[in-house]
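Chains: A, B, C and D, in written order; residue numbering restarts at 1 for each.
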Amino acid sequence: MRIILVWTVWSSGVRRGHQDTWANLQFYPARCTLWPMRETQAIIERVRRVSDTLQQLHLSVDPSLAQAQAGQSLFAAPLNGGESYLREQWIPVGLREGQMVVEIPSAHPYTPGQVVSLLAPLGRAIPLRPHLQHMLLIANDALPTPFVWLAGDLCARGAAVTLVLGGRALAYPLELLPAEVEILRADTDWRWPDQVETLTWADQVIALAPPYACAEVYAGLYDTISQLRVQNVPDGYVFGLYYYRLACGTGACLACQIPGQKYDLLACTDGPAVDLKKVAFR
Amino acid sequence: MIELTRPGKTSLVIDNPVMPAAGTFGFDHAPYRALIDVGKLGAVVTNPLTWRPRRVARGPRVVPLPSGVLIHTGLPNPGTNRAIKQYGARWARSEVPVIVHVVATSPADVARCANALDRCEGVAALEIGLHDQATPDDVAQILAAAEANTLLPLLVRVPLYQAVPLARAAEAAGAGALVIAAPPRGTTRDPETGQLVGGRIYGPWLKAQALRATGQVAQIAGIPVIGSGGIHSPDDARDFIEAGAIAVQVDSVTWTQPHMLEVIARNLGGLELTRAVGALSDEWEPGMGQTMRIDRERARRGTPPEDDSPPDKPLPPK
Amino acid sequence: MIELTRPGKTSLVIDNPVMPAAGTFGFDHAPYRALIDVGKLGAVVTNPLTWRPRRVARGPRVVPLPSGVLIHTGLPNPGTNRAIKQYGARWARSEVPVIVHVVATSPADVARCANALDRCEGVAALEIGLHDQATPDDVAQILAAAEANTLLPLLVRVPLYQAVPLARAAEAAGAGALVIAAPPRGTTRDPETGQLVGGRIYGPWLKAQALRATGQVAQIAGIPVIGSGGIHSPDDARDFIEAGAIAVQVDSVTWTQPHMLEVIARNLGGLELTRAVGALSDEWEPGMGQTMRIDRERARRGTPPEDDSPPDKPLPPK
Amino acid sequence: MRIILVWTVWSSGVRRGHQDTWANLQFYPARCTLWPMRETQAIIERVRRVSDTLQQLHLSVDPSLAQAQAGQSLFAAPLNGGESYLREQWIPVGLREGQMVVEIPSAHPYTPGQVVSLLAPLGRAIPLRPHLQHMLLIANDALPTPFVWLAGDLCARGAAVTLVLGGRALAYPLELLPAEVEILRADTDWRWPDQVETLTWADQVIALAPPYACAEVYAGLYDTISQLRVQNVPDGYVFGLYYYRLACGTGACLACQIPGQKYDLLACTDGPAVDLKKVAFR
């Protein structure tokens, strides 16, 4: 079945006519661009309240989703209609014993046994440099859920991970993160201890800002990094995560477009991680 | 066989009365290719194109409403010429007619778009999207500009609030068919930013307003009427047919339940619906039982990938 | 103190910016007297009146919509003179100003209604309900007819789809205030009879359309604007105020959660809201904690029943 | 508390200015016209599926509702929003051990423990002649749920009750009706065995038709009875039940108006039982 799916796909890059956007990033997990979104069903096996505002859902998912990688997410809708009209983007924090665990706001009432329709995988795996040693993750005013799975994978393969938390991100329960991750605390002006050192130490930087602040925050971060690196910022060095509210999730509605230098990008099919070097900050 | 536009030198004939609405399906088949069988639709309507490229709007663009959504994209598109380069070859290979949606920004721009699209092999018809503030005079000018530059059938998509007078004006100006109605605009507060945000509104509630407008226009129109607005099920679609529409455009349900677009098309196309029993868990997907997808995918095992297509043809210079 | 209508010889001043919309509250306070504290509202707007009596529509009149409802009553009312006889004395005793809604059937009928209501002590203002097909000329004639027959302040309720041009016409013709907007009409299928049914549509979804129209009119109007359409919470009401309205009319939420009308009024009136803790089970009712109903009802133990009022005064002959 | 409520009421008759409509029916339960609708809460204690299409909900209701009588109903909405926007009219089939039992379509998913908001009582008790001996109930194409409580009360006080079922009413599970009730079966033309005899036997007749057929069916019934009784049909002899879909339930919206001979009536506040002698059939 999986093999068939590869035949039927139009890869996201090909289909909007800008193959070259990603062509020079040899280290991209090539598989992901060949793996199309499908509609499947999942059963909620367990609902675990992990903080005042967050819950984790343990999902029995279609076996094809076992291939998913950190960065990819689920576009979910309860089968019998939920509270919201649009599908919700559910961000996995890991795959454990065949179950996918997602972390979502606890405001939404889900119960074990409920069946959900999933459009998945949504988006691409977060691109990682092949011999990555030092990863710097930065979350400002947004809960670092999207970093949990990634940080776990990186720690497991021996990379050093530093996570900077600022603003609302400080409310996140640290016990949900791998114990190996070094945590730094940013102040309200986005400064943290040894900022320059951590930025030069890192082989790769990935930032997370809330949707309404992405343009501003990522532009500032990119400026800072450009100033530190007298030569050009390398391709695939600093990424921003875009979690815009999605209408279609398939690349049809263009509501999640991110203006690009050469080609515009879509948060749903090209994201969530976007190389900030490719973004046109106005 | 449905004659979708007024008979004449050119008329668009489609096999099935169901198609996606402009702005919901993308510029070509790609976004939904893996999720639905495009060949089961009557036609495909592209996202709106303008003469010049447009970038996406700033600020919040998708805001939830009770049982619906407000969307404000700013109509991003690469401009007509670049769109023809990017998508023209795929339009030409489409299993079903491609109707290109052209935003009625000005008569001069519509003339340019019509001229460029007229020479593009894969385009079966143009749908002109009228602006909310359009007057009957504007409609006459826009249509005159389009007709002077193309023989393609012209569908005119009319805003909800002015459906009757603008439909009348479009028919008088030679439109081949009327699409009733473009969704209305609304204002809502974005919970994330606290701002009031304006945009088009989509959802099942819209159906009552669009159905009424469709019925009103169908009573006075001498050309085919295509109903659109809030259709979320085969029964919804049938209500528009009963109110006098010859075909329907399906909008935001394609985003929330992609297979529903195909289900509506199969249902109104008179195809039998069966629910698959005993499909293997990794083969089964919602809606699949209602289609012949399993068979289709099995059949594909031996076929070459659809993407293995010749590179886009160069376009004639303008 | 809110000056609800344009300053002049007569102007309506209210204490609280919240009132029910025409058609949702009845002809007097009776339907909601036992459920909410009418004295906490800014005003009461009556059900629509016409010069001649009208009977209820035939066929289905209430049809559910996704997250809303379609209603088609046929505007039943006893006619203006009989309504004055039945309700005039109660209007005169009302704790809050009574605004009588007059349907703009024709200039002659509006003149007759205005003349009759002008001599009715309890009437604080008239609200003229424009028909969906009204033109700016109609508005001028209707308002001229009303102004020739009464000095009462005139509010004009404008249909959603024509809000801007009709609001402009009403202001030019001397309206004291604008109500934006009367709910639009729609068509839906009645599941019980299978018929397509037309009528006005109500529900939270309407808010986005009405809020946009309110914002647009507020930007151009030189007279007070009252926002209306789909308000279901204090926050909804505040959005209309932020969009430029001086007051709001609450519609169908009064039917589904009667106390919400009072909650919105108290909230926008700046009254503190507390949730009662430990009220006895037979004393507690939803929304009661948010009001001072318990105290109010205790205070009433000694007071005479409100219904124990003098018989209706005879009216002056016409 | 109950006493206070009596003070605050405007009676339904008084408030729409037509006291005289009911004034000549001395046998009306006077209490009901003095008992205003209130908003209270109820807990669903038990959900019992009684047929393919019907369920009974056992509700712990506010003690004030212990006064309710057959004919009065509840205007209900689940506290956290339900499937329908408007409130639903729930028809009680009895009051048992302080719990009110209502019978509603099983399509609506309710669960024990759920809290519902009630506007109640909705409408008036069905007016009964004081020394009633023989009651004829007729249900055509509508499930006879509204007769269950009434029939139970009448049987308990020794009256003889005959129930005619026709069309869709024949699908009703007879075990839900009191065993003492005599059941007759009507054919598609509204004829049943000994039709004239039963109609002359009865001291009072109450009919139930679906909302969309009320006007036609009740007009036909009233004609038939007028022809049987050469003198005028007495006041309070033949009633129709009106279960229109209600928008407000309070008498505000007038969507449930029934054109009357002298005064128009409202299904919500004057109904459900309306003396057909007062109705203007067009």
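The definition used in the following text is that a residue touches a chain if its C-beta (ideal position, glycine included) is under 8 Å from a C-beta of that chain, and two chains touch if they have at least 3 such contacts.
Keep in mind that what you see is a predicted model, and the values were worked out from it rather than measured.
Q: Give me the chains shared as neighbours by chain A and chain B.
A: none
Q: By CA centroid distance, what chain is farthest from chain A?
A: D
Q: Could you work out how far the Cα centre of chain C sits from that of chain D, in whole Å?
A: 31
Q: What is the distance in Å between the mean C-alpha positions of chain A and chain D?
A: That gives a centre separation of 58 Å.
Q: Would you mind pulling out the distance in Å between where the CA atoms of chain B average out and where those of chain D do?
A: Chain centres of chain B and chain D, defined by C-alpha means, are spaced 50 Å apart.
Q: Which positions in chain D are in touch with at least two other chains?
A: none
Q: Would you mind listing the residues of chain B that make contact with two or more other chains?
A: If we look for residues of chain B contacting two or more partner chains, we find 65, 67-68, 203.
Q: How are the chains arranged in terms of who touches whom: line, ring, star, complete or other?
A: line
Q: Give the pairs of chains that touch; include all such pairs.
A: Every pair of chains in contact is listed here: A-B, B-C, C-D.
Q: Per the contact definition, I'd like the list of chain B residues that touch chain A in the complex.
A: 23-26, 28, 30-35, 47, 55-56, 58-65, 67-69, 71-73, 76-77, 85-87, 192-193, 203, 252, 254-259, 281-287, 297, 300-301, 303, 305-307, 312
Q: Where on chain D is chain C touching in the complex?
A: Within the complex, chain D contacts chain C at residues 1, 4-11, 14-17, 36-41, 62-64, 77, 79, 84-87, 117, 119, 210-212, 215, 244-259, 264, 269.
Q: Under the stated contact criterion, what part of chain B meets chain C in this complex?
A: Checking each residue of chain B against chain C gives 65-68, 70, 160-162, 184-189, 196, 198, 201, 203-205, 207-209, 211-212, 215, 235, 239, 242-243.
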